[in-house]
Amino acid sequence: MPEAALLTMMIVLPFAGSLFTVMLPARSRNLAGGTAGAIALACHALAWFLYPVVADGRSARMSIDWVPSLGLEFSLRMDGLAWLFALLITGIGFLVVVYARYYMAAEDPVPRFFSYFLAFMGAMLGIVVAGNLILLVVFWELTSIASFLLIGYWHHNQSARDGARMAMTVTAMGGLALFVGVLIIGHIVGSYDLDRVLASGGLIRGHDLYVPALVLVLLGTFTKSAQFPFHFWLPHAMAAPTPVSAYLHSATMVKAGVFLMARLFPVMAGTPEWFTLLGLAGMVSFVLGAYLAMFQHDLKGILAYSTISHLGLITMLLSLGSPLGAVAAIFHMVNHATFKASLFMAAGIIDHETGTRDLRRLSGLFAYMPITGTLAMVASAAMAGVPLLNGFISKEMFFAEAVETHEDALLDTIAPYVAVLGSALAVTYSLRLIHSVFLGAPSESFPRQPHEPPFFMRLPVFLLVLACLIVGIVPGVTIGPYLHIAVLSVLGPATPDYSLAVWHGVTVPLIMSVIALSGGFLLYLVAANRLEHSAGPLLFRHIDGQRIFEQVQVVLSWRLARLAEAWLGTRRLQPQLLLLVSAALVAAFLPLFWHGFAPAPLSFANADPAFVALWAVGGCCAVAAAHQAKFHRVLALALLGGTGLVTCTTFVWLSAPDLAATQLLVEIVTAVLILLGLRWLPKRSELIHELTTPMSRLRRGRDLALAICAGGGMSVLAYAVMTREAPDGIAAFFLEKSYSEGGGRNVVNVILVDFRAFDTFGEITVLGIVALTVFALLRRFRPAPDSISSPEQQLLQRAYDEAHPDRSPGATVVDYLFVPSVIMQWLFPVIIVLAAYLFLRGHDAPGGGFAAGVAMAAGFILQYMAAGTIWVEDRLRVLPVTWMGSGLLLALLVGAAAWLFDRPFLTSHFRYLDIPFVGEVPLATGSLFDLGVFSLVVGGTVLMLIALAHQSVRSLRAARAREQV
Amino acid sequence: MSRVLPYPLLTASLLLMWLLLNGFSPGHVVLGLAVAVFASRVMVALHPGKPRLRRWQLIPRLFLLVVADVVKSNVAVTSIILQGKRRQWTAGFVAIPLKLRDEIGLAVLACIITSTPGTAWIDYDQASGVLLIHVLDLADEEEWRELIRTRYEALLREIFE
Amino acid sequence: MSNVILVWSVSIAQLMLVLAMACHAWRLLRGPRAQDRVLCLDAMYVAAMLLVLTVGIRTGSTLYFEAALVIALLGFVSTVALAKFLMRGEVIE
Amino acid sequence: MNWLQHLLVAPILLPLAAGAALLLVEERRHTVKAALNIGATAALLVITAFLVRLADSATPDAAWSYPLGAWPAPFGIVLVLDRLSAMMLLLTSVLAAASLTFSMARWHRAGPHFHSLFQFLLMGLNGAFLTGDLFNLFVFFEVLLAASYGLLLHGTSAFRVRTGLHYIVVNLAASLLFLIGVSLIYGVTGTLNMADLAVRLPLVADGERVLFEAGAAVLGVAFLVKAGVWPLCFWLPGAYMAAAAPVAAIFAVLTKVGVYVLLRLTLLLFGSGAGELSGFGSSVLLFGGLATIAFGTFGILASQTLGRLAGHSLLVSSGTLLAAVAMADAPVVSGALFYMVSSTLSVAALYLLIELVERAQQPGADVLAVTMEAYDEEMDDAEEEELGVATPGALALLGVCFGCSALLLAGLPPLSGFVAKFALLSAAFNPAGLGEAAAIAWTTWVFAALLILSGLAVLIAMLRTGIRTFWAPLEVIVPRVLVVEAAPVALLIGLCLAVTVEAGELMRYTDAVARSLHAPTGYIGRVLPGSAADAAEADR
Amino acid sequence: MELTLSAAIGIITASGIWLLLRPRTYQVIIGLSLLSYAVNLFIFGMGRLRTGAPPVLETGAAVDPAAYTDPVPQALVLTAIVISFATTALFLVVLLAARGLTGSDHVDGREPHG
Amino acid sequence: MTPAEALPGWAALLVAFCVLCGASLTLAGAVGVVRFRSFFERIHAPTLATSFGAAGILLGSMIFFSVLQSRPVLHEVLIFVFVTVTTPVTLMLLARAALFRNRAEGNPGVPSRADMLSSAQGSLGGERR
């Protein structure tokens, strides 16, 4: 099989398996486990198939275009380092699957577990084989997501939820930082392709943006690898099922961080910044992790902090920037994966068998489970760096590098001491683990009677421990060649000479090892008892990483955010409008200030005194309306009408008869509408003055100032434009073509029904929509309690009628409307004729479908006012919705008829028809269109008016119903 | 006939209105007739009482009477307004019992009283037929009652009842 | 000559009509009662209608006639609504 | 006239005809109405998909125009189909199809005339995307706003009406600004046609250009209100939250109309070829956009309910788009368009999902989640048992969808949200193209930081809610989810997945869009045959 | 003429904006109505002011565009009138519904505390 | 103002007279509205405008256009008719509303319904006597 296909399968298989297992029923443990195991094994095998390629020093590749324009390819690239990691990931993955099959309880919905597991494995494999940095980030975040799901697998536990959330938040945050870092690298290199990036070390290190890129990338790796100060999430991730911990915290998740650092080692390492950042984080993590591990009472807690510590060690090694350091780092990655995985599994066995992981409750387990005990002891020894085990060899290399001089810096000077101290502490916690769990008197108080676990649960531990041993004894033969492939792929020509052996003679590192081992042992002797009963690590007892994280998160993401939202935003309407008006004002005047602007000098030329006086009246009405709208609603409405009237007169004055007529009609109908609504508004009396505080006065002052500014602004703009020469625009075309090509003399109307009929189309649709909305709203209208009852006047009049025997109930209103209603009714046909008149002459003179429609609606409303809703509806069947629908469709059909002649929509046609005796009659499709407008306007306006009017009837009915009950 | 043209007078008036608006032409006569007939037929739906014109030949007399009165009262009221404080006047209400019951007749009376400056129709009590008007320059209540009843009511009753 | 006569007379008439509107507006503002205000609004409509007619005379155009016609026939609708609102607290029952 | 060209007007007329015809069907006949609505929406989907192909098949940066009434531009109203408008049309009809399907479960019966209003909304949206005339744009804005008022208030409730009132007032005020802006521009230039405007602008005298700028700025404020820029956006989260789920889902495209117009006009009128006007208002867009992202981020974190979270993430996406428009480099614009597609689809999916998720929640669970975290209260001190709980199918499905939405909105891999963010940032960092050395402006850094932080905020907030909803409850309320409700959510998320996989194809398209927006002569030439721009186009 | 109308537009705008910023829904609706007058006049003014030149052609003969006022703003105002009528009606009903459902005629649906 | 030039002098004078008369009457009515002390007095003032005020201007307009266009232009008659017919409706409704409001507030100076009936009764009685 070609290498590309192998590589692809390696990535595709786990995800496909994940999809498959998630769909299995909750109880199919074997199928799910089998699938997962088979896939892990298959991938492992695939990796081995690729061995010839990487052993050659080449890398296996495949690439598919994804977003070529952005330099993003789905490219996979397996070199030695990736290959080594792939082996680890799949190999340990397989062992964990076997282990988990027996670890998970029968009731656990295991398919979901294995699904997440496989997804995680796929993502992890993706990280190591990604050939494009962006693709790497993709897989990177995928591991965060999958680990979130895995850690939160037992999600009904608070600790699992919290642990999962914290892990996700921290690592995703790091992932986002890494993303930006990678973008910067891409910017520097000009490509996201890993090969090109790896070939551009000098360019990257010399670039201005090297430091930001480095910091961002390290944010990603440190969070992932739980390096100080981002280490706190890892212990809480222990809430996950133990197989998850065994996998995530040995070979995978946390290794992703150090893997990436090793990956970018050739291009980013070797600078003081790299040295300082990695060195600091690594050292602190190394020592702190080990120190904190000593004090843990939870078995998995020890392992978790130990993981932090060991990753700190690896980071320290990488920080040095020396080729040998890199070799040691890679080697320790492998070693740590083996012994840590086996230890986690052992811890799981203990937990599984005894029902507890608390060191204080565990004791003398060796008697119950000697095999597991032995395995765990060997693994712990590897962790402590005992000779003949793999951990020892890499630690020796670490010591050797620590004493070398790399940089002239304090960090470099203290490195050997730190190394010894950390290692000694590692010895201490390893001893504590073994001693406390397996040695001593067998405890009686286990929740369950412990015994050896099933064979297949032990087998993975056994295999891993075996590996520790073999590698520890004969490293050169076993791991040597494979490690070399990895090292070569990272360091290339810079690969140093190194030898993997147990014995190098009595060297400084050996002495350091001895000091560390004996020191650790001594420390344990001294402190064992205290550790067993400690309430927490000295100095760090009260520092709870989770708590701090939660507090910080709450402060930042909740308290601060709420403050900011409240401070930067509002949910009240008035400030929003204030901002809107201010924004418009600023927007309009910034350009004017910017470019300097002088409006034409004020001129009273051709100012007609009557016109000025007219606007004095109109202006007063407007200002008074503004002043009175709060307490005197009816007055404000009347004043509004006054302004409107003046506006209409202005239109007449300034050659816009169409506007005048339409505005008048609209104003009349609007006034009726608002009056219909007034009945449902609360009574407001000037007597109840609201409290005027200085603050409210200030607010009013501000509003007034803004209003005046805005008004002034509009004046200036209007004056500036009106006093300028009119541009040579599109108007002349309309005037010239209106009659000859539009068939109408009223240019405004021809524009509306022909030139720009599409606007009219939209406009009547708006009216129709609004009418529907009004109707829908009013159908569910629920009046406020205080306005349900009849108005005060009606109550008084009814009471009067009822109190007088010569009055029939309702006589007052009947008398009131008796004569007026006669006139109003007889005006109905007159209004119809007026509407017909307005409609028919619209094309040649002021008028048109809209004006006619509103006039017609006014006629309807007049009837409602004259005789009441019930009376009218007994006699007239008004189907406003049908009018609206038909109107729209008619207009549409008229427009679409043009298609029959292969002309664009709304193309008009007109001709003068010569009818005998009658004469020439103009016929234009525009008029038909206008008929649609008319129909819709009548329907829409009437619908709104009627819907509002019906509310009174409804509440009347409701009141009657109440009376009857 | 009454089904096609339920209100012939109305139809005729509407046609007249149409022709006044559009000018006289054969086309507009046809069109106006169509519109007028349509509008009249809509009117049927509202079922108003059908007006009966008994003696329409009296209408011109009524018209002239009204014009004369309106001219007089225009002058009177204008003088009241323009003389301001120099002239004293007493305004007041006058209740007038009416025999006229025809709603069209009453509507016409309302138009007349309202169009005449100095008098205003305030209230009409259907049960008792009492009309309340307001008079700007009220010298003698009885005189006004007589005026309304003899000058207008009688004539209107002749025309409509 | 007739032009001068017309321009002057119509201008003066327009000024008078606007003054009439101003009077109405004054009363509209002063009240004291709602009925006074409504009455003034109605009167304003009539004055505005007459003003529209004078504009027609001044410009020699019959195109403004429709606006006046609309006020004459339908201007009273909003006043009726206002009056009913005062009397019944409700426009349509 | 080519029959294909008549198809240009179909996205407007089809919904109009459907909406009008629906009015003639009796209110009680739900099935007939629903069938009509579905038929029309499906047809629209087909037509718009076809239009995208049509627009894409044209020569590199050409457009199709349709003179309504056969009046030549700039006199008559002209519809213009180019890649950008075609893309917006398709996006709209996809959202329409999804939310209509969703509404079939129950919302379409929650009040009268839902179907007509729905179709009218589509008409307004499509009209706004297609028109080449400023005033006609206003009219279609009003159509879509009017329909949105109706739909927002659909299924009246106190909260809906209260926020609806704010929504309406703010938008009415913005419409007035729109009118002022358009008329000022007409007063100065004497034209309403956008392309004609671009042609005439260079001829406008200095003193008048200032007035034009004032008009354009006022117009810009109106669009910014619609786009939801800070500080003109406070109405948005509440109003959208109040709307019924399918309505909110289709509203996800409403803010994009504002962005669309800004994009269109900015590059047409103030592009690199606009002389003194070049780059007009771009700093306002940039800083406004950045501020919007910041505010949206705070809002996301502060939100106590998913609805508010969704609203604020819409703000973030608006802000991102505006800032990207302001940067105005073709690659950034291309990335922004990609981002627009992805974020619109995902926010719409989230809005639909919220309703389903809320069915699975105990009342007040969201609030509880936050306060518990804030006050560090432990809910259950019960012994933690290490045993998994099987998740009921419906809940699992919702959980998957929820997780996908979280990833999409946070811009995390592997879904299109990430690709979109990558496209945007990569373009922002490499304005001259990858590998072409160019300095990164400090605003770009701010932009990148805000973009990343907003994603993080979404992640934190959605983790909070998601865990509380899907993981925490001991007693699981299994929500009743109908297929017609789950399907559209799955469809939208599936589309995001498709966008991820076919990102290359979409980017090719958006690249073409961006290129033609930056070289508007093609557009102008098609709208105004015979103009100078057309001649220049012919020379090429 | 221009000065008068500009001043008028300014005054109406100022009144309208003052009302727009008030807390009662009724004030807002009156404000919006006033503003739409102002905007209509503004649009109208953009076609420049002329007396006695309505854009209604007297004959079908050749037309001198200079003899008529600009018809375009008039058409725009007509459209704007219709739309603002519709939206005013809508806003009215929404404010009524809000008042009915929240019991308050404050724009925020609740009385300001304090 | 070219069209007016075509108007004969007598017609111009006539039109001017009519228009000025109408406008003055309207103004007089408006002054009345300001001057009168109570609502029921004020209600009389606008009828100056709706009767002869309107008539004057309408007549002026009729003459003007009839002479100008050399054909009878009579549509102003319609306006007069409409004003005459609609004004009573407003005034009646308004007056009655005012009456009610005054009565409800117990203001002096307006007759109660009982007053009105008895006063009418008195006059009827007088007739009988």
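Order of writing sets the labels: A, B, C, D, E and F. Residues in every chain begin at 1.
Going forward, contacts are C-beta pairs under 8 Å (C-beta built on N, C-alpha and C of every residue); 3 or more make two chains touch, one makes a residue touch a chain.
All figures in this text were calculated on a predicted structure; none of them were measured in a lab.
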item	value
Path length in steps (a step moves to a chain that is touched) from chain A to chain C	1
Chain-contact steps, minimal, separating chain E from chain A	1
Chain whose average C-alpha position is farthest from chain D's own	B
Contact-richer chain pair (by C-beta pairs counted) among B-F and A-B	B-F
Whole-Å gap between the CA centroids of chain C and chain E	20
CA centroid of chain B to CA centroid of chain C, Å	22
Averaged-CA centre spacing for the pair chain D and chain A, given as whole angstrom	15
Between chain A and chain F, centroid-to-centroid distance (C-alpha), Å	69
For chain F, residues contacting two or more additional chains	1, 29, 31, 43, 45, 50, 75, 78, 82, 85-89, 91-93, 96, 100
Residue list for chain C, restricted to those that touch at least two other chains	14, 17, 19, 21-22, 34, 38, 40, 58-61, 63, 69, 73, 75, 80, 84, 86-87
Set of chain D residues in contact with two or more other chains	135, 139, 142, 146, 149, 153, 156, 161, 165-166, 169, 173, 180, 184, 186-187, 192
Chain-to-chain touches, reported pairwise for every pair that qualifies	A-B, A-C, A-D, A-E, A-F, B-F, C-E, C-F, D-E
Chain D residues touching chain E - in the complex, by the definition given at the top	135, 139, 142, 146, 149, 153, 156-158, 161-162, 164-166, 168-169, 172-173, 175-176, 179-180, 182-184, 186-187, 192
Parts of chain B lying in touch with chain F, wherever the complex brings them together	17, 20-21, 70-71, 74, 77-78, 80-82, 84, 91, 93-97, 107, 110-111, 113-123, 125, 128, 130, 132, 134, 136, 141-142, 145
Residue numbers on chain E that touch chain C, as the complex places them	51-52, 54, 56
Residues on chain C engaged by chain E in the complex (per definition of touch)	58-61, 63
Of all residues in chain E, those that touch chain A in their complex	1-27, 29-31, 33-34, 37-38, 40-42, 44-58, 60, 63, 65, 68-72, 74-75, 77-79, 81-83, 85-90, 92-97, 99-101, 103-105, 107-108
